[in-house]
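Have a look at this one.
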């Protein structure tokens, strides 16, 4: 080979200043800080340990579901069944609580994995479009949850109650679990072969296949993970409210989770997963809800406000993309 | 007629164009050449409103223009074939050709019959025999390029720009394309033509502009420049330094005294292949020749397990490979560089690094975790060895020039240390320098015992690069040129014979 | 290298063989095959299924969703999605019922105008701003619902269509014994089919959905096409609500929750790729009918627990899409 | 109660006790409607197919109790066949359900409407076939004795007023009150809210309403919203919830905030589910206004009267009980 007369590779200059591009890349964090600041100034009783702690506790279910969703979205998929899976998991707890807390939780989480396996198989192996496969599971799953869950049941098991409302060193268990999930997912996406494969498949499935990646296995794994996490979120939510309501638990969770993921900067077209962004996205959503309640905004206005804030937040990070031309 | 003055364009820190002056006269065919990443495609995109220039002006017909989007340029009378085929795979060929300006009936509705008829005429006049109601995506890349040509010439344009239109074309289609281009030029249309097949430039073009690192380094009459001079301009080196023998960088024949490492027997793919047999020995470069759509790409895909075969077997190193399974083929030591790099090769939003390391992840990870350091080292090696021009290994492949994307893919496969390397148009869209390197690389690898199957639509590459050429026609082997019979003339004859027979069969 | 091999002569072909066409039809219209099957089985299994009254009921009830699905079809084919249709549907109904108190024209034009405007704004934000359709229309869902609550006193007020208003005729009247909405749907889908398959607009929609950057480079009017699709979707959703208001003589505020998913399911069942770029208008109609028939069949089973109904419809949905995939691969073999 | 998901550890009316505390008519109003007025034909219920269209999933205690009571009363009355459908809270589905039952030969219909408005097509179809429709628990706005026979149910506005009374009593007349609203657009929400607020305005100047936020009749939402409200208004001393579920959620929220539900923060709600009444016994909730779901006996009784030629008044309002600290333990068995 000829010795290459090469130009030294130019390092891309990473702008350290805060400019439009920086805001675009960090839009969700900017929005989060902005909304926090607004609340600190304008909202009575907002700055208190209790309030902030409460937001962290309340965000947990959305956060955990959103992380699973982010993985699925990274594969250019979507999972509408998460809310129903939460309900199934929660409905199983009272049924198996007789065998002990651990068994009940394991059974519930296992059910999530099975549902994810079904979704993953339909998407990865049968080739059904994700939205429709998971929509079917969502409809059937909610029915199933109602069927064997029956009426809403209170859960009095001390283990579950402790899981939902206990804390260690002042940090609630649920928050610790969510943090662990987020850290684990972050690690998975950044460092594991699975994570690399996932984004490759989401980026160009055909190319990934031709590069010999185990596309189906990765897809199935991803939906299983998402199902698992949804079930975990269902368990935690049930534990916190000390009840399991198969009809209402996790209702519309799929939309919140997807919103959190997109707010966090993960494109729905797949090929990228941003875990930290997703966490911030979920927190942003939570903060929006809290803000509206704190100001006692009526439902109609609240929905309109929510719509506007969400679009504005996404615009902050995506809107300038086109200016690149 | 179409001119730029001092056009500058940069992406982040990458200066793709620096003060480029360019001018196209009426009725001329203007060659635009340069190494991979020199800025040719960028210039074309600036000209046609895909990008806005950072600085500089564009004039069309003496008036300053500013196109905001490709539609504006088209409306002004500039039609363009972009480098990567930019058509819609899920629509029919006819729809693709007439998208946006379909023939109408009196009621204002699309006249589908007329559209199909005119499309059939149009592609027919380009010498292509396809069903114009079939989805474009089912056709090979070469055919798609011809469809893009059909679309570009089917409108009355004042300027036609073609960014590497011939990269997947066979000699016959190239000839057709040249005919079309000359006819257009004779009508007063100005043409811009980009190609890395330098010979084509002298056959077709009147004038030439050479870009290097985003700067215009030469502009003048094509005839006044010889091959060495052109290359010297492109590379920015002295003529003497560049002077070399041979049209390609291939060396002599290779040792091929052993048992075949790859044998494929009776490969059948529905409607595509009808019992193809192949055998390649270690160290041998086997060429696959054939006309457009003869089934060359299908053959290598079938060997690689990427196309469901009905029957037939593939053995590597004497052991059978599970059919229809890419991972098994890979594990057995087969690698495929596929021809359609946009659809089947690159993962545009991943970095150069991740694209290169994609196929070797299992080998470069422990306990499911990626060994980043080792990958960095590997990527470093290949970026240097193949002279991949990227701002950094972290740059997204999407942002690389076409030729550099191709090199990234070659690197991806070389990492897997294959025993058998199936190369479908490996030098497609890469510049002379790199082409020579890739050719030398193929040679070197064969020298080290790698078995290579080479598909190329460039005759020289096949004749000089391969030890043996198997000629396909209609999904079956129609002949073979052995070592001693392997000349351009013979190959041409074999292909022509195939074509002639096909004609006969058609009547 | 370019020694001319032969002079080019026309060789293009413009037709596929009959069998290939049939195969393609079955592949793309798997839902139609399944619909026929389900109807056949149901007719023989349940006495009351095949009665004219029941079939007409199915058609009538499907027509409201069908109208919405028509707009959604174009949006999905252009590579987008419209989650706002459920809320917009409800909003359209409330506006129509309110408007009916001020004259039939108000009842017709007000919802079309407002809902079209919502669609237009969504389209502009998506096309011009480059924001993801999922999020924008999700915000649209919230917005339209919020607006509905706002104009109905947080949902407390239900406007009634005044008795004797001509507006009631729209959905309650019939021609040849078949309700107007069914006729409207037939006409709308025929027109939609023409637009999709026989106009440049239609091809542009498909091109954008198939490969947006290519469509842009081909010089197609990407922005305008998208904006029109979302506007039409908003208007059609509003129109569906308007029909529903006429049918129920009131502006019911609790309608349309989850309707978007049902409509998307229908469109996708009908063979439209969610990634855009392929599909037929007829398919969406088939999809809507399929969902409605399944629902009706489940009802025929009698006093089945409503939860079982959900389990069964979800399962049927999964079976149908699996069958469809299977049909597609079998055809390709 | 309409969107009243309820709670119960055991199935409602357990132990074969079909009636629970059977409904008592409190007042009847409006003009009477006879068979002749309605244009219905004489029918022997034991020969009749009766259809019941339930509005919401039976997973809510209220709905479960209601459906169960209808089923049992049908058996008791000895009707030939009872068809039961569930609209899952979707109006179009309820219309389809009713039309389906008519198709399947229903002679008499009992409907728990999803919504007060919009059932017109279904009612018209029933009228065309001469099938009388008796609406329960939610009144439709159509014409009495023309589109439907009569309405049996509670007075939600009255329930709201009584909740205000109960809250006044347990707080001693001085409180900062947060309201957990049911879902928007639901007339139960509206009535229970209006009744409460009107009563407060008229009678109890010491009760100050500091926040009202929707929690969609759900327990976990009730909890989440209550938690936020307790943070935003630390001086809240009372919570009024539109149903028991949200009240139970509020109980958990108050506990989480380190306060004593029922003591530091008084809680009043509406429904009378077993869990809520138990919470009164446990001292966590102060009072629950009952909304009696057991419509079965009264509904069939009404039908029998109707076919016996009696005039049925337009509104048959049942009397609802109240559970409070004094009677909860004793009446726990009546809760559903």
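Chains: A, B, C and D, in written order; residue numbering restarts at 1 for each.
Quick note on the criterion: a contact is a pair of C-beta atoms (placed from the backbone, for glycine too) under 8 Å apart; a residue touches a chain by one contact, two chains touch by 3 or more.
Chain identities (UniProt): A, C = ATPase; B = Sugar ABC transporter ATP-binding protein.
Here the structure is a predicted model, which means the values were calculated and not measured.
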* Have a look at C-D versus A-C and report the one with more C-beta pairs in contact. => A-C
* **Averaged-CA centre spacing for the pair subunit D and subunit B, given as whole angstrom** => 72
* Could you please state the distance in Å, as a whole number, between where the Cα atoms of subunit A (ATPase) are centred and where those of subunit C (ATPase) are centred? => 29
* When the C-alpha atoms of subunit C (ATPase) and subunit D are each averaged to a single point, how far apart are the two points in Å? -> 36
* Structure fact -> subunit B and subunit C (ATPase) have mean C-alpha positions lying a whole-number Å distance apart equal to 42
* Structure fact -> Expected list for subunit D, residues touching two or more other chains, is 57, 59, 184
* Structure fact -> Where subunit B touches two or more other chains at once, the residues are 50
* Asked: What are the residues of subunit A (ATPase) that contact at least two other chains?
  -> 146, 298-300
* Asked: All pairs of touching chains?
  -> A-B, A-C, A-D, B-C, C-D
* What residues on subunit C (ATPase) touch subunit D, complex-wise? -> 48, 51, 53-54, 57, 61, 64, 148-149, 152, 154-156, 158, 160, 172, 244, 247-255, 257, 295-296, 299-300, 302-303, 305-307, 309-310
* Structure fact -> In the complex, the residues of subunit A (ATPase) that touch subunit C (ATPase) are 80, 122, 126-133, 135-144, 146-147, 255, 258-259, 262-263, 267-268, 298-308, 310-311, 314-315, 318-319, 321-322
* **subunit A (ATPase) partner contacts - residues on subunit C (ATPase) that touch it in the complex** => 83, 125, 129-132, 134-136, 138-143, 145-150, 154, 261, 264-265, 268-269, 273-275, 305, 307-315, 317-318, 321-322, 325-326, 329
* **subunit B residues within the subunit C (ATPase) interface of the complex** => 50, 69-71, 73-75, 80, 82, 86-91, 94-95, 99-102, 108-110, 112, 116-117, 119-134, 151, 171-172, 174-176, 178-179, 199-200, 203, 270, 459-460, 492, 495-496, 499-500, 503, 506
* Structure fact -> Per the touch rule, the subunit D residues reaching subunit A (ATPase) in their complex are 5-9, 11, 57, 59-61, 64, 181, 184, 210-214, 216-221, 223-225, 227-229, 231-234, 245, 248-249, 252, 256-257, 275
